[in-house]
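Encoded as structure tokens, the structure appears first; notes follow it.
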Amino acid sequence: MIPLYEIKNLIHKYGEKVALKIDNLTISDRGVTALLGPNGAGKSTLLRLLALVEKPTQGQIYLRGEPVGPFCKAFRKVTLLPQQPYLLKRSVFENIAYGLKIRGKKKNLRQKVCEVLSWVGLDPDQFLHRPWYALSGGEAQRVALASRLVLQPEVLLLDEPTASVDAKSAQLIKEAVTKAVSLWGTSLIIATHDWAWINEIADRTLYLIKGHVLPSEMSNLIFGPWTVNGRFWEKRFRDGQRLLLEPPPSKDMDIALISSSSVEIFGNPKPVHDQNLLSFWVTRLNLKTKSGQILVTFSLEDVSFTLEFSKEKFSSYGFVPGKKVWLSFPKKASAWL
Amino acid sequence: MIPLYEIKNLIHKYGEKVALKIDNLTISDRGVTALLGPNGAGKSTLLRLLALVEKPTQGQIYLRGEPVGPFCKAFRKVTLLPQQPYLLKRSVFENIAYGLKIRGKKKNLRQKVCEVLSWVGLDPDQFLHRPWYALSGGEAQRVALASRLVLQPEVLLLDEPTASVDAKSAQLIKEAVTKAVSLWGTSLIIATHDWAWINEIADRTLYLIKGHVLPSEMSNLIFGPWTVNGRFWEKRFRDGQRLLLEPPPSKDMDIALISSSSVEIFGNPKPVHDQNLLSFWVTRLNLKTKSGQILVTFSLEDVSFTLEFSKEKFSSYGFVPGKKVWLSFPKKASAWL
Amino acid sequence: AEKKVLRMATTTSTDNTGLLDYLAPIFKKDTGIELQWIAVGTGKALKLGQNCDVDILMVHAPSAEKAFIKAGYGINRREIMYNDFIIVGPPDDPAGIKGMSATEALRKIANQKAIFVSRGDHSGTHKKEETLWKTAGIDPNKLDKEPWYIQTGQGMLATLNVASEKRGYTLTDRGTFIKYEATLKGKPILVILVEGDKIIRNQYSVIEINPEHCPNVKNDLARTFSDWITSPKIQQAIANFRLMGKQLFIPNAKTK
Amino acid sequence: MGYITEGIIKAFELLISRDAETYSAILTTLKVSTYAMTASLALGIPLGFFLGFLDFRGKKLLRTIVNTLLAFPTVLIGLLVYALLSQRGPLGQYGLLFTLPGVAIGQTILALPIVIALTATAVESLDRQLRITLLALGANRYQLLCTCIWEARYGILTAAVTAYGRVLTEVGISLMVGGNIKWHTRTITTAIALETSKGEFAMGIALGLVLLLIAFVVNFSLMYLRQRS
Amino acid sequence: MGYITEGIIKAFELLISRDAETYSAILTTLKVSTYAMTASLALGIPLGFFLGFLDFRGKKLLRTIVNTLLAFPTVLIGLLVYALLSQRGPLGQYGLLFTLPGVAIGQTILALPIVIALTATAVESLDRQLRITLLALGANRYQLLCTCIWEARYGILTAAVTAYGRVLTEVGISLMVGGNIKWHTRTITTAIALETSKGEFAMGIALGLVLLLIAFVVNFSLMYLRQRS
């Protein structure tokens, strides 16, 4: 099957600063792809490139096998909801109808607009004729989403769609988006910091950091500051515990990646040869609605590991929020950034 | 003790629309007050009024007993981080230094700015001289927060400060904000949709909806649509379950409030006379770090109840994500909105 | 000592021909007074005088000047020099007026409905033109909407330009026409067709502003100028003034 | 001072008595300024958009040049256009000298830098998000142009109003290219210049007030339109 | 057409030979336009700010009036200022008629509506968030004013540049109030008007080019400053 997107030798710079560097990446068709990563990782940049609203400094993007760029033929199949939704200085109706109007689709305009408005949980009677400035933060975001949904896009790119939306509306947005996927076969790519939501809807996850895409297997990050201890780099916690890792290959790397598969869990401190052994707290349990798997988050100060368990395995451990457990993992990070 | 804020007979309108109506509200000094509520509830409006950047259409706000308003004497003690952080068209340094400069505090400017920058997790070397537009969404938000922190305000009002910030930065922001509370005794008022975070830091919670403040005891909301069934209003779920409530006193109310104390939990369906009895799933468990209490979220489609348990009580129930439980509550809502 | 400055309002022709640039340094040398002049239309010059904003006037509209003095705004009008008006037109002279007297020529133009370009700005030249029409038995007010009668409402040079573009006739003072010829490098599109008629003489005078009407005017300086310019030495200097090698003004001050 | 009140009274008289000369000048003014504004907006708004929207080498220099042309003296424009349109000029054969279209050409040159510079500033002050949003919604190049101009409409309206004020009040071009020919190319401003040079100050003021009245009516209608949209 | 090339050559000659009359006119022009710009910016920017920033009853009407004043004919301004400053006018005793400060007063009146209208538009196009942000950071009224003006600086710069172009090129006021007195109140534009009326078209063009050169130098320096900030 032809992948949805293929990215080759892509570099995107702002001035001299490289914001994104992806040698090769494919994103498969259909379903929901989640884009995770810390602030400044390049998520918004990648989404803008995938939405064809900007041209990469270098490299080529292929959409279903075709090389694409701004104003190309395929350009209207893709639509992006930017991180800061910007509304045109018009009424809510005109904002949502804009995309249809410029496509010349003026039939049943009003009805279509009302429909997507109610999808995102806004009452058409109340909102249809509001001017752009008379909206709360979350309402504006939902109007912006509605103006994307009304286009029935083949690919919908969402940059933090639930950032300033309440739980109820996040639920509505989730439903709307799921509807789009099932009704029109829309492919979704979502950048978000909302773990719980991602866990519910994502079919696959891309992790971006410092402009690079990480291997897709779930990874846990350990940020600095580091001190040097003999041949190791050390991170010291306030409770006296220490974490040791072999230093990174290059000086400007300071974020360690620990792959989930290398982590072992113990109920009691059981010294493991040549491994880190640290006590963590269980802080969060999340149900992955799609798969029924359970995500458990273990935290030690600013370090969090998230591991996935099947229902059976989970009950054998008996994790409860606030429970103390011991995690062991190698002294060699699976990667550095 | 004099409360931090006292609000009397406040009404705030946009045009003809009443966005906020608070007859009487006190917010106590010190610590963290969380402001929760769905989109359009009036959170941002309330924060703007508390920050003295706008004048209420009607009514009076008292800050530590003094009547206050825009440009009053107390006005510089309070600072607000708006929902959409707006940066001045200057460098990051100038943005953060602005508040100090207009206060005439020009001593050690650079050092102070660097300090708060590192509080919010931005490397001064990298960010100090960036222009305002060369920042990612989350970076901009953190710069905006830094420019508030540098003022060492007595009252800090935050409108969705972690909305577009990654987990790591949310952690940093939390730490920075906690530092402010402990170092300078800053009082914090935070509007957010981030439940997990609120649970960790809030000393008290205000719930706003449709411009009204709810009783402070934790409440659960049930949204429509409703159908009429005899003398009851009914909400029907896709799995066939039904929820019945006595109709609200007024036609334009459609959100039911169920107080947590009226909810009972059963492992098995045990018919209770004249009560609703519905099966829910345990979907989320959260540790309240401050109190050690555990919050359990029970969901049935779009209805979520969140109840608080002590550690002991929690273990007696043995809640696990994905577990099915039965909740019963009266057919009379504790309030309608 | 305070600098002595005399302010004069004058018509554009004296300025445009360069006469004042020629006279002012001599005046300064002779009397130590600096001459500053404002070159405007005759009507505006009279208005500036009436408003006491200048000390002396040098204009060429005898009837308006007399009215000005009669109204008490000015005193001591003294004629100083004249030049003459001429009627110019396209070289092929479509109306055939060459060599006629001024009034005959105008009558012919009107009969033929040949294009005539008028300044229409109440300047000295325009007033002279109106007098000529009247003498020719034609009411100038009736010409207003005639299609062949074009009113420019502008200075002489602009009017000459319009005349040449429209291939029409016009009445002009000789000085401006010499300048016009010069700027076209001897290939004028207009040529002199009527000249030397006594009726088209263009008399210049100086008028002091009445100090009773305007207490702040420097009448002493004005009087000095008026005496100076009518003195034989300066009268001779005016006669010596040349533009493109041609004499422009003929002095005719009556010595006291 | 007397002629100021006299001028005000006279302005009313002119309008009420429907003075033929004044009405002819008003009509001429309206005609020629309409031609000039139509041309300069049609050319200037797209050019201003490109100047403000696109990034290219030499953009700053180009803006400086446009800003410099804001100081293009009307007399100079008048001279240049005169030189072009004169019988002996390259466009002499079209007979545009001393006609309203001729004047409109000059006034278009005058208004163009104003429209371009102010439109560019208005477009520059648009949010950087707008471009991304429009592209994301699928706007093609032409729709991008139109929507950006619409979003910057208040700024562009100010550009138009400023240019209109300039065109309405200029004298140099109308005199030089139009020739101020009575009943033909005499506009209100050239009439004012004439009356002033005749010393008829009150009449000059009266005509000036008539011009301001025209400007007010035009601006008031624009305000009304702006309010409705 | 010949005199256009002739004019270009003459422009160089005038500048290189340091022609005394030309340099005097340049100096006069610079002086008077500096006075006028200083006054109109000092008055106009704050007024424009209030017009754009505050909401009050009658704001729309006020804007319409300001827009109307964009069409204030220079000749009319010249007449009014003349009426004020004339010996028989109310300010006659100060002897400002036929002086540069007198001309500057008139030019200030000319530039003021431009500065006010364009500043108001620039301030209006500021983000609504700016006000909230500044108040939240503790700005008092005066600091609010200053920072908003700074944030709208590109728009206000355009306002200044447009007004400067207007002041630099106007003739009506300089002629009427200044009197075009050689060595005293003769500016470049009045000199152009004079040369043109004398038929010295080449000289008129030469002076016009000199004026454009001045405008270019000023704008280029502004662009340089803008780039540095």
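Labels A, B, C, D and E are assigned to the chains in the order they are written; within every chain, residues are numbered from 1.
In this section, a contact is a pair of C-beta atoms (placed from the backbone, for glycine too) under 8 Å apart; a residue touches a chain by one contact, two chains touch by 3 or more.
These figures come from a predicted structure and were not determined experimentally.
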Touching both chain A and chain B we find none
Quick note, more Cb pairs in contact for C-D or C-E? It is C-D
Note: chain E sits from chain C at a C-alpha centroid distance in Å of 35
Averaging C-alpha coordinates per chain, one finds the centres of chain D and chain E separated by a number of Å equal to 17
Separation of the C-alpha centres, chain B versus chain E, in whole Å, is 53
Between the Cα centroids of chain B and chain C the separation in whole angstrom comes to 87
Flagged in chain C as touching 2+ other chains are 158
By the touch definition above, chain A meets two or more other chains at residues 84
Going by residue number, chain E touches two or more other chains at 88, 127, 201
Contacting chain pairs, sorted by label, are A-B, A-D, B-E, C-D, C-E, D-E
The chain B residues in contact with chain A across the complex are 14-15, 17, 37-41, 44, 83-84, 134, 136-139, 142, 159-160, 163-171, 193, 195-196, 221, 223, 281-287, 292, 294, 302, 304, 311, 314-315, 320-322
Residue set of chain D touching chain A in the complex reads 127, 129-133, 135-141, 143, 147, 151
Contacts from chain A onto chain D in the complex sit at residues 48, 51-54, 70-71, 75-76, 79-82, 84-86, 88-89, 98-99, 102-103, 147-148, 151
Seen from chain D, its contact residues with chain E in the complex are 1, 3-4, 60, 63-65, 67-76, 78-80, 83-84, 88-90, 113-114, 117-118, 121-122, 124-125, 127, 154-155, 158, 161-162, 164-166, 168-169, 171-172, 176, 188-189, 192-193, 196, 201, 204-205, 208-209, 211-212, 214-216, 219-220, 222-223, 227
Listed in rising order, chain E residues that touch chain C in their complex are 86-88, 97-98, 179-182, 184, 194, 197-201
